[in-house]
């Protein structure tokens, strides 16, 4: 497939990512303008590169004709939260929206991957308007805490370096790091609970 | 009305402008990725300032409760085209979209304002998702050529300086400038026709 | 020359353009924050594409080794003004800065090109910091009015379409359009003078 | 001091932050274009709000006349690294630059704050060009790992909530979390060493 055709195929995904980043970033603004805590800390987006798409298609034995249906993460959005509990809040917010539909979800937080990877994944359907009409595309939304993202960033850069041949002792260290991250997030959640308590007791006082 | 409340009212308009600018800019990309001429040259957006809204409400005797219904240009998008003919093309593109609905349109090109102002205005309905659900807002889309925009920019800065008390002789010069702009755009349209002819004859040759 | 080497060569130019756009845009902010009229209306920047560089090198018989010295517009900044008089003000501002040095200048406004092209061009030296140290690069700054830019945009898109074989009758129309633009800018300058007068008399009154 | 004056005072800091963010982000690009690992992962900048400046001036008993000299972090840049070792590399890069001068540095990594805060701080002098000439301003550059930043973000949001009256048991949890972060970063550094070894042995092989 030539570069021109790739551009035309990927173009609606670029648009979708741009629109979704604007929309999720605006949620942060909305909370902040109300003076409230935002469950979203940060939003990033990217369209998969042609070479990553080809690599994935080959690895998973996907015909290029089915690519847009079977590769669900051509458009990718990453949402970073401060606390584990914020993740469910973000999932709820997404499910309530009428401009996107959840196709499937995977909870890699309740069910950690063997590598130690943890995140909440949603595959959504999203409509974009092109010059030839409405096009429904899929996008993957990854939702994770700052700590999970920290781990995933390190792991990704190691994966990239070792090209799936990661030495055992490095894999072990990553796994231990993942455990430490879980402990950290648990510690943080504990604090979050106390913040909420503190805030509630304050409001109760204020209302008496 | 206090600043906090204004922020909450204007927030969905900020979101709408951000989304619309992304969407119209993407149309330019889409044409360029296909190697085609884009009828849109440039896109800008802005939300009316609180002081402009108050000024307009007072001038037009609009109660603040009806403000969002009666002030149709709280969200404003400006689309700049190279040629007069592109304007209708852009209007068509907008009318075909399913993510916005045209409420009304004013053709100040066929019917120039007495000041010399020329542009095509559309008022659209557009839905944004807020934390409290879907909100339908209005936005004004102004479509004009580079030349019309040139004139309007100058006129706006003079209006701003003279606060609606523009001296007669300046008004006259602006009016003469507007005539010159019409002549210019007509000259340009003439060339556009020939470009189209040239391109068509090229394609016919290429197909023989 | 391979793509990787091109990237390394062009990289400091990308940086220079990014820095210069930030700096010139900030001048607009500075005037506006003081509540003053800004002689700069708009700033754009671009790095010449590899294919344009190659085309220019071939056309002007420039060896690739001398490319960075002899092609002075690899980095390009365009500054748009409302009035012809603003152009000299912008030139002055640039000449006073200590973070760039003017190498040469061409006044295509006093001396219009035969095509009808009008703009003020400055070639500057500008230092950027790279990982291997300080690098002095050249950049071209084009300064023009909105009207001149309008004409140049149209002419550029026609040049691009006709690839330097522009038919005589189109060239004639462009030339007539250029005359109209000169008349327009003159008309505008006349008004600018009156604005200045009006403002001065206001200040005199205010001081009495 | 009125808002207009504040704007004029803070304006050069806004410019400095914009320029510095462009410059540090470009370092990431430069490494990536060479296909190399970038010691900088992410760059952010901000200008202190007026209310934070006033708060700090009051707390530290600083007269507003000395504010620009004594409050060194009016302009703030945050540089995030993947590994602890990257931090020194970034400090070196900054010290080599000729467009900024290091005034002072604080190594809160070797010498952790009692709260558990860890980061490397540099105060730099940096020149910006304003309409009235060159102005030397100060800026604070904070350099930290992803893990340190994770901790600092959480701590900052808790500080903000408790307004410096953080309950003992929360302070203890934060302190334990800080210990976990140190362990994490140490684990990560260990892996980094092995990556470097792996890469070196690869290069040695490649050269034989």
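Here the chain labels run A, B, C and D in written order, and each chain numbers its own residues starting at 1.
Note that contacts are C-beta pairs under 8 Å (C-beta built on N, C-alpha and C of every residue); 3 or more make two chains touch, one makes a residue touch a chain.
From a predicted model like this one, the values you see are computed outputs, not experimental measurements.
**Q** Note the rotational component of the Cα superposition from subunit A to subunit C, reported as an angle of 0 to 180 degrees in steps of 5.
**A** 180
**Q** If you average the CA atoms of subunit B and of subunit D, how far apart do the two points sit, in angstrom?
**A** The separation of the two C-alpha centroids amounts to 42 Å.
**Q** Roughly how far is subunit A from subunit B, going centre to centre by Cα mean, in whole Å?
**A** Going by mean C-alpha positions, subunit A sits 36 Å from subunit B.
**Q** Starting from the mean Cα coordinates of subunit B and subunit C, work out the distance between those two points in Å.
**A** 26
**Q** What are the residues of subunit D that contact at least two other chains?
**A** Nothing qualifies.
**Q** Give the pairs of chains that touch; include all such pairs.
**A** Contacting pairs: A-B, A-D, B-C, C-D.
**Q** Which bits of subunit C are touching subunit D when the two form their complex?
**A** 4, 7-8, 11, 14-15, 18-19, 22-23, 26-27, 29-31, 33-35, 93, 96-99, 127, 129-131, 133-134
**Q** Which residues of subunit B touch subunit C in the complex?
**A** Touch residues, subunit B against subunit C: 41, 82, 146-147, 150, 153-154, 157-158, 161-162, 167, 169-170, 173-174, 176-177, 180-181, 183-184, 187-188, 190-191, 194-195, 198-199.
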